[in-house]
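In what comes next, chain A is part of two complexes: it sits with chain B in the first one and with chain C in the second one.
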Partner chain A sequence: MIRRSRRSVSTGHALISPADWRRPGVRWGLGGAQVLLLVGLVVIGLGPLLWLAKSAITPTLDTLSHPMALFPHGAAWNNLREAWTNVHVGRYFWNTVALAIGSWLSQIVIATTAGFALSVLRPKYAAVINALLLTTLFVPAVVLLVPLYIEIVHPPFIHHSFIDSYWAIWLPAGASAFNVVVVKRFFDNLPREIFEAARIDGAGPFRLFVAVVLPMSRPILGVVSVFAVLASWKDFLWPLLVLTNPDRQPLSVRLPNIQSQTELGVFLAALLIASLVPIIGFLVFQRSFLRGTGLGGALKG
Partner chain B sequence: MAAIEFQGVSKIYPDGTRAVDSLDLTINEGEFMVLVGPSGCGKTTALRMVAGLEEISEGALLIGGHVVNDVSSKERDIAMVFQNYALYPHMTVAANLGFGLKLRKLSRDEVRSRVQRAAATLGLEPYLHRKPGALSGGQRQRVAMGRAIVREPRAYLMDEPLSNLDAKLRVQVRAEIQKIQRTLGVTTIYVTHDQTEAMTMGDRIAVMSDGALQQVDTPEQVYRRPANRFVAGFIGSPAMNIVNARLTRVNGNLIVRFGEHSLEIDDEVLAERPALLAYEGKSVILGVRPEDLEDVAFAPGGSNERTIVTVCTLRETLGSEVLVHFPLAEPAQDATDAGELIEPLGDASSIFVARVHPETKVREGESLRLAVDTRRLHFFEPESGLAIYGDDDAAASRNGRERVQLQPASGLGS
Partner chain C sequence: MAERDPKPVRYRARRTPVTWVRGGGLAALIFLLPMLFVFGAFSWYPIVRTAIMALQHTNLVQPATWVGLDNFRTVLHDPLLPTAVKNTAVFAGLALVFGYPIPLVAAVLMSEVRRLRGVFSALAYLPVVIPPVVAVLLWKTFYNGDATGVFNTILGWIHLGPYPWLQSQGTALPSLVLESTWANAGGTVIIYLAALTGVNSELYEAASVDGASIWRKVWHITLPQLRGVLLLTMILQIIGTAQVFLEPYLFTSGGPANATVTVLLMIYNYAFGNSLGGDYGSATALSLMLAAFLAIFSLAYLRATRSWSTR
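Moving on, here comes the complex of A and B:
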């Protein structure tokens, strides 16, 4: 009901009233401007992706002779198959998936548990930890490369180098102050009374976390997931440093490497494969997570 | 079921504020106790200390005869109904009701049957599979109640559970809560700032102000024999008219003078308040309830000594009665420190209100003769604000008399 009334208010008080829209000058002038703007945005946003898709199935000779042609002479679907099998894009693809899933998991687990501890459990020293977390946000990632690399080569307590192991990617991914801060902010805004009600109902901290806080946090879990997967998918520098074995490297590292030895059409097909997952993933996640369905009816008012 | 006992319980915040100040209060087994007071008087803090949601800074809190200061909420076996319900938004009504039972490791069948029973009591059966978001305010309130009932706890704690309902629903749910509490006989502490709720629901009322307990008694006693000026002004609507006055003796009769008016004090009043004699020739604070003032036309036999003549400045017709506002020459005392509860009426400090017969002919601007029920006048000490009664019998209904404070309520969370 609230949503409906809000919408009616927004149309009622729009900059240009329905009466104005009926005047031909406004209609054609402004209407035309809107269409142009929309077309411009679509071309800028969607254009490169569609161009890549077109090039991926264009025979290499065509791309070389007529780079700007809108319609190629025949489609070379073979490019895709060749990229997947002969150039081993398939293997790199699954490497990337494994890295993304692991990084996502470690980020979600650490962000939610840390956010829960800092926001809900609130030990006395939470303020100090929170301040330390915030300061790490101000340190550029590049500065941390060398210390982090040393840490991975000589991890404390374990005495076994993580180089060439996916743990070298997964573990540092979890150490994201940004995620913790974002999740903590969200938890801060959840109604305390619900936690108190759960405590009186007999829930300990673990129950409170699993049965109450996490289910109420779907929107923020969606946001962190999207960021985590995208960041992991496109990360180049860190995987290049810690994964030396080509068979274990992700697409982002392998693609520049194979470019010189690969036929242009096949390479473009590989690029298409590499970019499809984040796009599809984002569309799916956005639908199920970003809708703020978490809090309906918890509290009055 | 269990008795709950506050023994000198205080809540002191790190900045030194005493939200609750040495509270001594016993809630008997099965009793419905209402904590009432203006916002920031510490009533909610007191309740949260029983729930184990606030630490107790000083004193001891006993539930069922055991000190529970260091016992977690979970193990206190109490249930709480929150002002904003605090339902779990991602669970269905049935899951909301059953959550506490599941955590207490009851068998599935037991959980289901208890949830069914509670849902039947509250008329929630058709909604068991809905989520709170799909319920109306009244239904959510019931779910919140149901969550307390299914647990079959030793005590219910209710924190203004009706304040989010509309006026009509509030009256209805008020009666329901009372009925349920009487049927189940569970010790209940009910916090409200609404004195009507307090009067109608409580077996006993504890009036609090500024962290201190002002009076604990049955609703009738609190209304009839308020322990001090604060309680007198807080309980009752419209609020008691309170004014500075002076006692004098004329022709052997004790007379109370206020503004340009004077009233004779009955022997009956003196019999009930022997201490009043000591105030002869001194100033006191006089309190008159609006319903003890009546249009003379509807109160025959009113002698001159028991009537006042004044001018009506505002007439409020309520159907069953008419409220007549009239000014006093003498500036009246603030009726209550609960600023939020009095409607500001221009220069409110010098306005008296009378609740008179609905057929009164008086109009605004006209002169009006009011009969005063002089047997029911209230008197308070000017400095301390304590009611002037006899000696011992009054103290019995007065609790925390040493700590009566009449400063304006501070802005603590209520």
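Moving on, here comes the complex of A and C:
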């Protein structure tokens, strides 16, 4: 994946050659299609979010009677404050943050240690573990749902339910075969000579991991990190099942309940607050997001 | 110690615990321990457990009893199953109609954009990062069936509607698919864009020299080169939409009149929908049947398309 450098392949204007571009029919037709696409993307991709941002600070009655009007009776900034404090969105927000950080940490630790062992140290039984990992990639998530839930309620050996414990979210999040495979493939493509040099200089496996491999893996760790945080922020069904105490639940689980108990303006403010972190994170780490999505397609292929 | 060993390669000679440690065997095991624990406990064990539970009757109150294939029989005789299977198939089919060709056209156009390409892909991907629960609840507001609902207001400008959207049996399921397509199509666009950069530009150049038009280049070079990715995104999308849960659960809870009950919603309702205690056996039986169907379907699909997916 990494080695197949794109530099040697396409420089961007491949399908349509400069000669094509000079023809007026192509320039107008294609240029027009691209402008239409841009307008469509703004309306479809951005439009709903702009509407949400507008309605989150619009009085409920205005949104109900004239949803497409722009502040007919002024703004209601109070919606945001009310959502954050009175509806406790603030608390659910920090719950979501705590779940995301723990899930991220667990995924990073598992993916890097396992990837290092399977790619660099390569014990004899690595092939078996690899095969088991690839098998889990093909098992749809729905198969795990019920037994995993029962395992959390009645764990084997431990007579203590993990319902309402954040460990019930953090630890299963680490069992992502996709992460391990992606990180392992990245390690596979690191130059072996550097490992050999480090070994000759007296670095053991632990030094090799911390001082050589991890610093070289920043791009892939970025990709795994943004997807770990995003996936945790998006997760709904699993936290709904294992976190039953409303005070411990994340935003995604609380929002449907909030909807039935609050007026529309405040509820839309809550929706806006819930989507701000992923949106800002995406705008900041856009490269990692887009790279990782392309990687997902390449890996599964 | 292992740290001092200059060459932790595997020793072929006598294998004793000491040579194993010195050869890096212990270090490898230590690095694998977190992964073995987490995957063992939360992936491999539950997979095995599913197969066992599907053959048991268990509700967490009484001890589990073996019931053979009873759970499968219960599920197959459930009058709701044909409806759920039909709805899931319609959802997957409609999702292909809505969500398969548009991202391809968009990606081909975007790959030839000279300026602002980053803006294009960011806009396309933006809905994908919105938390699905937020997306569904927001669209639920849009789908308000009154004349003052968001979509009905917009359609009112051109004198259409008002439409009932989620409240009518005929329009509920397509409404769900529309939201789901909005939420997911951006990821497909990005995958196509990545694949398009991999198309060898020499092919285009050769075709240009031969005087091929743009349409011929798209038809004879771009599409054949994307074949593998196109076939793959299709099966992945089918596997994904066959497990649709969030939309029917949050939009309609399966209604109106079971018009949006899907297979996953049935599984959820077997296990967690009854406050008196779940029917975990039936839930695992149905999830195993769904997984088996998807596995067989994928194999058949790969076999059927193998002859023209290889490059």
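Convention: the second predicted complex is superposed on the first by the 248 of 301 C-alpha atoms of A that agree within 3 Å, B and C clash if a C-alpha of one lies under 4 Å from a C-alpha of the other, contacts with A are read in each partner's own complex, and residues count from 1 in each chain.
The rule we apply is simple: contacts are C-beta pairs under 8 Å (C-beta built on N, C-alpha and C of every residue); 3 or more make two chains touch, one makes a residue touch a chain.
Only a predicted model underlies this, so the values are computations on that prediction, with no experimental measurement involved.
By the document's definition of touching, of the two partners only chain B reaches A:197; chain C does not.
Of the two partner chains, neither chain B nor chain C is touched by A:56.
Contacts of A:216 after superposition: chain B is touched, whereas chain C is not reached. By the touch criterion defined above, A:110 lies against chain C but remains apart from chain B after alignment on the C-alpha atoms of chain A. In the superposed model, A:19 lies in contact with chain C only, and not with chain B. With both structures placed on the common chain, the touch criterion links A:207 to chain B and to chain C.
Touch criterion met: A:236 reaches chain C, while chain B stays clear of it. In the superposition on chain A, A:45 makes contact with chain C only, while chain B stays out of contact range. Measured by the number of chain A residues touched, the leading partner among chain B and chain C is C.
Touched by chain B in one complex and by chain C in the other are residues 199-200, 202-204, 207, 294-298, 300-301 of chain A.
Residues 51-53, 72-74, 78-80, 82-91, 99-100, 103-104, 131-135, 137, 140, 147, 151, 164 of chain B are the ones that touch chain A when the two sit in their complex. Across the complex, chain A meets chain B through its residues 191, 193-194, 196-204, 207, 211-212, 215-216, 294-301. Residue ranges on chain C touching chain A, taken from their complex, read 1-8, 10, 24-25, 27-29, 31-32, 34-36, 38-39, 41-47, 49-50, 53, 58, 60, 106, 108-114, 116, 118-134, 137-139, 141-142, 148-150, 153-154, 182, 186-187, 190-191, 193-201, 204-205, 208, 214, 217-218, 221-222, 228-229, 232-233, 236, 239, 243, 245-246, 250, 264, 267-268, 271-272, 278, 280, 283-284, 287-288, 290-291, 294-295. Contacts from chain A toward chain C in the complex involve residues 4, 6, 9-17, 19-20, 26, 30, 33-34, 37-38, 41-42, 44-46, 48-49, 51-52, 64-68, 106, 109-110, 113-114, 116-118, 121-124, 129, 132-133, 136, 138-151, 153-154, 171-172, 174-175, 177, 180, 199-200, 202-207, 209, 230, 233-234, 236-237, 241, 251-253, 255-256, 259, 264, 267-268, 271, 274-275, 278-279, 281-283, 286, 289-290, 293-298, 300-301.
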